[in-house]
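Letters A, B, C, D and E mark the chains as written, and numbering starts fresh at 1 in each.
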Amino acid sequence: MSEHLLSLMTFLPLVGMVILLFIPRDNEPLLKSFTLIVTLVTFFVSLPLAFNDAFRTSSEMQYTEFASWINIGGFFQMNYNVGIDGISLWLVLLTTFIMPIAVLSTWKAVPKGVKGFMALLLLLETAMLGAFISLDLFLFYIFWELMLIPMYFLIGIWGGKNRIYAAVKFFIYTAVGSLLMLVAIIYVYYYAIQSGLSMDGFSIAQFYMMEIPAGLQLWLFLAFAFSFAIKVPMFPLHTWLPDAHTEAPTAGSVILAAILLKMGTYGFVRFAIPLFPEALQTCMPYLATLCVVGIIYGSLVAMVQSDVKKLVAYSSVAHLGFVMLGVFALNLQGMAGGLIQMINHGISTGALFLIVGFIYERRHTREISEFGGLAKRMPILTTIFMIITFSSIGLPGTNGFVGEFLAIMGAFESGLRWYAVVATLGVILAAVYMLWMFQRVMFGELTNPKNAELKDLSAREIVIMIPLLIFVFWIGIFPNTFFDKMNPSLENLIDQVKGKQQVAMVQHVDAPEHLEFK
Amino acid sequence: MITINHYLVLSAILFSLGTFGVLTRKNAIVIFMCIELMLNAVNLSFISLSSYLGNMDGQIFVFFVMTVAAAEAAVGLALMIAFFRNRESIAVDDFSLLKW
Amino acid sequence: MENLVQTALANVNFSAIMPSLILICFGMALLLIGVFSRRGRTTHIAWISIIGLVITAVYTYVDWMDAESHFGFAGHVAQDNFAVFFNIIFLVAAVLTILMSDDYLKREGYPINEYYALILFTTAGAMWMASGTDLMTIFLGLEVLSISLYVLAGLFRGDVRSNEAGLKYFLLGAFSTGFLLYGVALLYGVAGTTNIADIGMYLSAHKAALGNPMTIAGMVLLSTGFLFKIGVVPFHMWTPDVYQGAPTPITAFMSAGPKAAAIAAFLRILLLGLGDLQAEWSMMLWVLAVLTMTVGNFVAISQTNLKRMLAYSSISHAGYALVGIVAANEIGISGVMFYMLAYTFMNIGAFAVLVLAGKKGEENLTLDGFAGFGYKRPFLGVAMCIFLFSLMGLPPTAGFAGKFYVFAGAIKAGYIWLAIIGVLNSAVSLYYYLRVMVYMYFREPLEDYSWVKLHAGAVISIVLALLGVLYLGVLPDGVMEMAKLAFF
Amino acid sequence: MEIFYFYLLAVVVIISGFLVVTCKSPVNSAIALMMTFVCLANFYVMLHAPFMAAIQIMVYAGAILMLIIFTIMLLNLGTAVARKGSHSVVWATVLAFLIALQSYFVINRGRPSGTTGEITADLVAKVGHTELIARSLFTDFLLPFEIASILLLVAIVGAVVLVKKDV
Amino acid sequence: MYDKLWLIPFFPLVGAIINGLLGKKVLKSEKVIGAIGTLAVALSFVVSCNYFIQLLGDENKIHNERLFSWMSVGQLQVDWEFLFDPLSAIMLLVVTGVGSLIHLYSIGYMHGEEGFYRYFSYLNLFIFSMLMLVLGGNALVMFVGWEGVGLCSYLLIGYYFEKKSAGDAAKKAFVVNRVGDFGFLLGLLTLFWTLGSEHGVWTINFVEIAEHGHLLGTGSVVVTVITLCFFLGATGKSAQIPLYTWLPDAMEGPTPVSALIHAATMVTAGVYMIGRMNGLFAMAPDTMMVVAIIGAATAIFAATIGFAQNDIKRVLAYSTVSQLGFMFMAMGVGAFTAGIFHLMTHAFFKACLFLGSGSVIHAMHHALHKAHLDDDPQDMRNMGGLRKFMPVTWATFGISCLAIAGMPFFAGFFSKDEILWWSFASSRGSMFVWVVGSIAACMTAFYMFRCLYMTFHGDQKTDPRAKDHVHESPWVITLPLVVLAVLATVGGFVGIPHAIDFFHVGNKLDQFLAPVFHHTQQTYDIAAHGSASTEIALMVLSVLIGLTGIAIATVMYMKRPDLPAKFTAKFSKLHRWVYNKWYIDELYDFLIVNPCKAFGHFCWRSFDVAVIDGIVNGFGFVTKGISSGLRYLQTGLTQTYAAGMVIGVVVLVGYFVLG
């Protein structure tokens, strides 16, 4: 059983989708509850991962599965090669954890085509899980691209009024990056073969072993980084995000924020950085600058938004700036901070989008100016909203603090002191825009008559929020549950990268006559 | 003494004449005739080369080119007639519904 | 006299032309049956022709199994793996086309029974092109192919667009034949033979001949003939018009079968005949590939008629195929073969959807005509989406696998920039493919598409195409191995 | 002596070719084309290919051209309505000129360097051209010959399909 | 032995949760809710007392109680741990003691508010965070409390969230505090990083910092930077220049909140924090000097503003700022004990003052409400002569005024004089600081008595219709007043200065705090050198100064009530500036807030939308442009196509053959 756990977890939603297609389209309750069950089952299937103590001790890949998929002798070979370590573990769990919530959140929100909606959600889950668990670069790429399709439809069909622009922008923006990455993948593969590695598919384990001359690394790294940076999104490649978020339906935004964006950051941690450490060294200052600019810029722009969802979207840009800063710090604190911050962002921002969704379902507007004084009508929402707000501000005791603190600390320790200092300013700005928004939406007199009759959260909506709230505090107070299992893998990763960088410093690797450019 | 080049040059001239015709004439049938002219030019070079090299292949090729020309003539003219039935014209400028 | 007959018979080797032979026989049979069957009744003919094709396919498959090349007719044909692989492509194309044709022809009011015979002949011609080892055979195959296509394109004699398509195709085709022949003549003059292998041997034996302008001019002119058929910029201009004007199934067929045939012949000539000129032709094709991809994709963006848009997209796909030829290494070439097969499935599939979606006269095959189509006709909508994703080259579809191998070949051969231009182009292409989906799903339906009937034939061909697309996408290695074996 | 004859014919060919391209009325062009064919036949004879000359006359002048003229008459196209695209003429001239130039260049620089075969003028004279053609047609070129037959079949069927009025 | 420390913050937390979750639906009744809230704090007060006594009898005065690990990432090992030593012990008593009194008071004061449960759960939550801050055994746990109190003050200031001003004030408070926290974080990071990477001590535990702090080197740049960063944090929390502006606005909150948070406890966190890190600060003389100067400057600056305010709570607020200035002055000159001492006494009398004002406002509010008037119940110009209506309030208020004015043998007297003495005689002190301090003291006396007179004395200026509705508050309100007044009276005797220690009681407080401060003070020989006579002389002087202040007040607001008007008329410009708090808020808006917003707008409109998206969409447009250009090559004319082919051929052949 357990040796196929990952596959089971990954393809369960797909199977679910296929079954779903046979449910009559007009039987909406069944469709919804079926989807919910599938996602829940997936979650429970994935649960054992969390309680496996192997992660505490070993940095090895766990639950690995290997099957030769495509093998064309001489040309190339790709395998179904999956497994997880401390790095991907929590992202996988985050995915399986968020999905049921997302499904539950759409209970009333989907006006038409429930069937299609649910089917796409399930497809999306498979794609995302696949991307997180694949240890084969090619396999990763396949899932990576596969993610675009459902998201494109989710935004385009069930989105807001500007949805078409947003959907197409999202798709092309992301695809451009990944196509360049594809070229780089193929190139690095043949390069590996040419430099005499016996490649077993596109297995990253073997890619880690190869030595690439710095000049070449730079190009390849840029290709990878470009694609990941778009997904993260890092300034200045972030402009697809506000549109996509604003137009997407609630579930879409939640998944987009909570999981899809993590693909980019995860890509950096898993591929771009360990594959091309020297290139990273070269680009570090620029990348770090981008992160910091992203933090400040995102906060400033978020501050002046008039649309709640846009505001949250821009705040994501800032938060992910912290994540990337921590990751680029290349030390344990930084990386652990970055990783935990990925989870935090998933939880907090996901929750924020849910809340915005709740409000939107009631008022069908997201203009801040339309609100004010909701606190009087909906105390429960206010309380939850407040907690989430403060967690995303990074109040100690909530999850946000742990992540931001460690990320900053990591950056601080690794020669990026001044970046860290500026980033810390971002913490102030976070307070400014979040609280200002909160005040304008929740506080003040209840002037707008349309808000007078708002209902407070329903039981379902509370049920949706509770798990998120639990984790807000859990991560804030017992983050070690997560760190214990991350650290070995991270330490290993860091040693490896640092080691390579040292080697590169002392003796310059001279390439075998590498593929010439024509 | 007539060298091979004489023939080749001659065929080249004919060929370009044919091209010129194809590019300028408006009447589809005339254009087709110009194409025939081009084919004949090619035939000329085939045969001259064949006799210069002293092997049959070239001439056989011409043999088939003629067959093809005949076949094309049949089909082509049929097409023109069909078109003419609908448009009362076979001026090339008249078949430009499909564009851009 | 005796010895003449002996030598004549000595050359005969039917196993070298068996597939085309079967098709020809069936074609003639169909003509006869057509004569004796009531007018307007074409269904049985269609099915018979399919039987013929299937038999041929089976034979071809068996032929593949015993995996030995058959030569014959004094080195005019070779039924080698290469030919067999392409034969399969042609057969697939023909079957899918015929499946969707019957009801279409009836709807458009031209239930012509010669139609099927002509398609079989076309297929045979394509086979001769693929298996011909002598410029003469290839030329004749090409002509059989072209002439029947002229007819098929202009089949709807009452329809001005169809006439126009046929006429344009005919005039330009004949014109390009002129250049092709001139090229052949020059090469003949240089090498003194029209047998590809001999030309190759001659050129590699006499390096001096490589510098001979006649050789290179011959190479270029010869190529133009095939590039015309493949639809490469700047010889592509007939494509959109003809594709738009021709009956839709024919368009589907043209975009797959003949294109593949031309590529097959072209590959054989380039690799066996002109292998020593690789530097030149790969350079030439580099430029043309870039031009083709770019023009195809860019112009497709501003198209509103789907047939025309797909025509331009097929131009750009020809460009991708050229990328593999430029690479001219094992993976590149077998990539091209694979790509042609994949393209056959996805493109014919897409056209099959159009066949079903069209009203009589097909005025409604525009983007606006597809508003909300996906809701009203879910099956067709989903199928169309999958075909489009495959055309975009998204995993896990055949299109992705194909593009991947082609570009992999290019990269392995070091044509990084070509690959980059290629992927950027496919990024551009995303836009107009996505737009179709935008109309199908993101727009509210304007009409109820009540006229769309799911005819058995077309549906079968769509399903087959879907299976092909997904199979090639998920498990490409089997076919890829074949292509690899086919590479000589 | 022969060379003069060649030049004479060449001039005629070129002139008639030119007429084909330029004549207002398609009929005149057809006549001019006929002239060209005949002259070419002469060249074939000079090139020791009498049989080719014969079928040149028969097929081209006899069959194809007749067909063409027949069509012209059928569609009674008078002088082509002169929609003159003058600039197109200029371009065409330039292009045609370039082609001529290039081919001239090619022919001058390059030279046909094929492996010379055994078919010499006196062999042709001795055995007879027709027989030689026939030999190779029925031995080496059997397959193309068969294909050609299919080709004609296709052409016939096609022509019928395209032109017959009813379905 | 001290392993039950966690109970102390635990009770308020439980109280907060119970009231927060069940308050609205289940408990409902104010009695129950109030009881729970008060009880929770009272319990932790009891526990604290217990441990306090235990500590008194204990040689080892410093106890670090580790609960469980928080973050363990590489060298960063952070635990949830408590530090219980004399310093935190005293703070515990103050917080829980005053806290429980104020809870009791609130029951009466908040009576009938709809958010009653909310109020009490917030208040408990505040006590919890404050206790975390106080008990925090390492900088990070302290930071939890540090931001926690910020959060609670946000919640409580914004308690009347319908009022926009309340919302603004709350936001302002939190954001300004955040600026301080920014400093705190940076200081923490630099400290951790420097100690770790340069001296191999990876720690943020206070005890270990105190132990290894010296490694940083006295007066070194890094230690100065670190301490300055921490001090920035302190200025934020304790409303010092330049970050004091939030405190006056914070008066939007209910009065007990102002008493508890913005007078007694939270705002003193900065002082406490410096006391915690006295080792580090002592190592950085420059920082100490900065602290002293800022403290002095704040003390006098705030006092000036206090002159012209008419809102009773605002007056108190500015006096708080100014008193905090005193405390920082103390810290700055190394008089750590004195600082903490003043912190304590200030907690007593300022809490008393606020609660008194609360009682007045409460009364006024009722009166005006009954009379259906909407005059401002907080405006002193509507008061006067309330003495006869509410004697208890008047008495307690008066006592506290005496205390704050530093009248002999009231609590304020001892603490303030010790501060002034140290600032005069300490090795880190200076004449200048002393002078400024004394003037501030004088002004304090003046405006406090101004306040007293305007409120309770003179003839009543309240609207006649409301007059007879004014009456004394219920016992739950008066009881805390009395208790605090008593404390304000006798509280000072725990720290009798050596000079006037005639009965040799000794400075109990000093002795008690010795384990925390003496080591530092000895290491960096910080001490007040001077003869007892000088000290006594100074004492007399400062008493006189205080008296002068009171005298002026008496003259202006009792004997010649027309004078103030004259003055304001005479120095109208000055008065306007003072009245408008020197326009500091406006300055900040102009310098920081507005530019930020403007820049934000610029980034969004002009960069995000215009430039980046401009480029992105630009690609689209260009592509479409090219496309619609190219498509017209497709003329539909066969001969164009043919020409295209010919051109292609010509170019290719030309390139290969000629080229």
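Side notes on the structure shown:
The rule is simple: contacts are C-beta pairs under 8 Å (C-beta built on N, C-alpha and C of every residue); 3 or more make two chains touch, one makes a residue touch a chain.
No experiment lies behind these values; they were computed from the predicted model shown.
The set of chains touching chain D and also touching chain E is given as B, C. Chain nearest the geometric middle of the protein is A, using mean C-alpha positions. Between the interfaces B-D and B-E, more contacting C-beta pairs are found at B-D.
On a Cα centroid basis, the chain most remote from chain E in this structure is D. With each centre defined as the average position of its C-alpha atoms, the distance from chain A to chain E rounds to 39 Å. Here the spacing of chain B and chain C, counted between their Cα centres, is 26 Å. Between chain A and chain B, the centres computed from C-alpha atoms are 65 Å apart. Here the CA centre of chain C is 80 Å from the CA centre of chain E. The set of chain D residues touching two or more other chains comprises 88, 91-92, 95, 99, 102-103, 105-107, 109, 112, 114-117, 141, 144, 148, 151, 154-155, 158, 162-163. Contacts with at least two other chains are made by residues 8, 15, 18-19, 22-24, 31-32, 49-50, 52-53, 55, 57, 60, 64, 68, 71-72, 75, 78-80, 82, 92-93, 95-99 of chain B.
Residues of chain A in contact with at least two other chains: none. Pairwise chain contacts present here: A-C, A-E, B-C, B-D, B-E, C-D, C-E, D-E [touch as defined]. Only residues 167-168, 171-172, 175-176, 179, 213, 216-217, 219-221, 224, 228, 233-235, 237-238, 240-241, 280, 284, 295, 298-303, 428, 431 of chain C touch chain E when the two sit together in their complex. The part of chain A that touches chain E in the complex is made up of residues 169, 173, 236, 239-240, 242, 297, 300-301, 303-305, 331-333, 336-337, 373, 375-376, 379, 383, 390, 395-397, 401-402, 405-406, 408-409, 412-413, 420-421, 424-425, 427-429, 431-432, 435-436, 439, 442-446, 477-480, 483-484, 487, 491. Listed in rising order, the residues of chain E touching chain C in the complex are 620, 623-624, 626-628, 630-631, 633-634, 636, 638, 640-642, 644-645, 647-649, 652-653, 656-657.
By the touch criterion stated above, chain B contacts chain D in their complex at residues 1-2, 4-10, 12-21, 23-27, 29-30, 32-34, 36-37, 40, 43-44, 47-57, 59-60, 62-64, 66-75, 77-82, 84, 90-91, 93. Put simply, chain D touches chain C in their complex at residues 102-103, 105-107, 109-117, 135, 138-144, 147-148, 150-151, 153-155, 157-158, 160-163, 166-167.
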